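Questions regarding the structure given below will be posed in turn.
Just so it is clear, A, B, C, D, E, F and G label the chains in written order, and each chain counts residues from 1 on its own.
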Amino acid sequence: MSQTIAKLYPLANRVVIKRAESAVRSKGGIVLPEDKKTRLLRGTVVAVGPGQVNNEGERMPLSVKVGDDVILPDYGGTKLEIDEQKDLYVFREPDILARIAQ
Amino acid sequence: MSQTIAKLYPLANRVVIKRAESAVRSKGGIVLPEDKKTRLLRGTVVAVGPGQVNNEGERMPLSVKVGDDVILPDYGGTKLEIDEQKDLYVFREPDILARIAQ
Amino acid sequence: MSQTIAKLYPLANRVVIKRAESAVRSKGGIVLPEDKKTRLLRGTVVAVGPGQVNNEGERMPLSVKVGDDVILPDYGGTKLEIDEQKDLYVFREPDILARIAQ
Amino acid sequence: MSQTIAKLYPLANRVVIKRAESAVRSKGGIVLPEDKKTRLLRGTVVAVGPGQVNNEGERMPLSVKVGDDVILPDYGGTKLEIDEQKDLYVFREPDILARIAQ
Amino acid sequence: MSQTIAKLYPLANRVVIKRAESAVRSKGGIVLPEDKKTRLLRGTVVAVGPGQVNNEGERMPLSVKVGDDVILPDYGGTKLEIDEQKDLYVFREPDILARIAQ
Amino acid sequence: MSQTIAKLYPLANRVVIKRAESAVRSKGGIVLPEDKKTRLLRGTVVAVGPGQVNNEGERMPLSVKVGDDVILPDYGGTKLEIDEQKDLYVFREPDILARIAQ
Amino acid sequence: MSQTIAKLYPLANRVVIKRAESAVRSKGGIVLPEDKKTRLLRGTVVAVGPGQVNNEGERMPLSVKVGDDVILPDYGGTKLEIDEQKDLYVFREPDILARIAQ
């Protein structure tokens, strides 16, 4: 992880995701091509928020951690404009569909 | 279940479903043809999430398990693009209509 | 009840209803013709779910049981495509309007 | 009350209302003409449900009872098609505007 | 208050309001003309409901009482068709904007 | 504050605001011109409600008091038609953006 | 921070943000150009509210403080019209995407 990414601290239940650069065949054989027609995206978690605060004032911990590979929906993400690494997005953790085992 | 499917871990109350490939007559006689006009879908659960977290931080367990045959609605599912097995979908467990006894 | 219907297990607060085949005059004199213009439907409960789970993780029991005759709204139901018995629908229990005494 | 009406058991917080047949001058002088332009309706409660279930699983009792004369809104009611008595409607109790003293 | 009005019992948190007949200058100098363009209305409370029931089954008392002069919004009210007194409306108490000291 | 304003008692969490008559430079240098294009408004609190009632029946106190200068959004306010003082509005307290120190 | 900004007290969970004047390369290398096409904004927190009040009447503390650099969404902010410092906005704290380490 670069120095740039480490400086981002998402709020609440937000997660910063580095999208996969191209379609790759994972060790397990899952292929997620990322052309325009692909509705699902794949990426790696590079920063996680401390969790949403519930009514009692406690943080609800997230179920993904830095380094997790995840499957993303095609909505809900917001692109971060950063010069060195192009594909950083902010998602709400409840919008993430699944983790992929490494 | 293949190696590929086992590597998917749905988040929260999501379920990964392998859709039935074609209309089949079950042992009990239920037929669910899957042409374009069919609003209902049938499939098999291949992965389940750990359950939604309630306000007290506890997981609410799902009522379907891996291997269950289920009847699906025609909304709410998201297709997973995987090369080897074509018909994997992610659903929210509350969107699943019913289980079918095996 | 046929073998086919007994194999369906609705999830949460869903109910499987077998719609009445035609307008019939009940013993009490209630007639519910089921032509296209009729907004209300009548049917018999053939399967019930275990109830919705509340925030404490407890099942909220349903107020209809298998065998009950019920009055249905014209929305909210989803048709099940089954070859032997044509008129099976899935409804949420809160959408059912009333029971009719047998 | 006729035998027909007594056989209906509304679910949850629903109420079966027999609409007033025409505009009448009540003892107290209230007149509610029921022509097409009238937005408000008047009727008599002929059956009540057991009440909505709250999160603790308890029934919330209704505030109207069989025999009450009520003022109805022009929305939310569903007509019951019954041959002998034409003007039976199902309403949610929270949609009823007011009771009229007898 | 007339005999007619006293016979109305609003349900839940509803309030029956007798609208002011015309624009009047109050003792304090407040003038609320009631022509078509006026968005705000003024009236007097003539009947109040017992209050909304909360989840514990307790009534939440209203903050207006019979005899209060109130300022009304231009939405949310339902006109009651009564022959002797023309300007009776049913409002939800939370829709009332303010009381005016007498 | 005039006698007229003192007679208004807003309900629940409502606040009566007297809008600033024109753009003024405050002691701190803040200028809020109030031409048509200005989306934000400035005003002074002249009456506050007792607070919203929560589920336990307790009043939730407001965070503004009579005399506070506040910044208003351009939505949510309702104009009061009063002859002597033209610019009285009713706002919900949660819609008020900020207080300005005097 | 100037005298002007210090006089603003946002209500509830609102935050006053001074937007970055132009695209700058941060020490960590993050560049956020602020032309028309940029969906994300960057700014500095200059005032924070006391936090939203929960149902028990307690303030829920904010997770940003004065001086924090934050990444903003392109919705939800309201511009404050102030003559000396042009780029002050009010945001709800839950709308802020992330903090950037200084």
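Note that contacts are C-beta pairs under 8 Å (C-beta built on N, C-alpha and C of every residue); 3 or more make two chains touch, one makes a residue touch a chain.
No experiment lies behind these values; they were computed from the predicted model shown.
Trainee: Please work out the Cα centroid separation of chain B and chain C, and write it as a whole number of Å.
Mentor: Inter-chain centre distance comes to 24 Å.
Trainee: At what distance in angstrom does the C-alpha mean of chain G lie from that of chain B?
Mentor: 43
Trainee: Counting only Cα atoms for the centres, state how far chain B is from chain E in Å.
Mentor: Result: the chain centres lie 53 Å from each other.
Trainee: Where in chain B do residues touch at least two different other chains?
Mentor: 55
Trainee: Based on the touch definition given at the start, go ahead and assign the chain network to line, ring, star, complete or other.
Mentor: Topology of the interface graph: a ring, with each chain touching two neighbours.
Trainee: So if I start at chain A and go to chain G next, what's the full loop of chains?
Mentor: Cycle of chains, anchored at chain A and oriented toward chain G: A, G, F, E, D, C, B.
Trainee: Under the definition above, what is the set of chain F residues touching chain G in their complex?
Mentor: 25-26, 28-33, 38-40, 54-56, 58, 60-61, 63-64, 71, 73, 93-94, 96-101
Trainee: With touch defined as at the start, can you tell me which chain E residues reach chain D in the complex?
Mentor: 3-4, 6-12, 14, 16, 47, 49-50, 53, 55, 57, 78-84, 90
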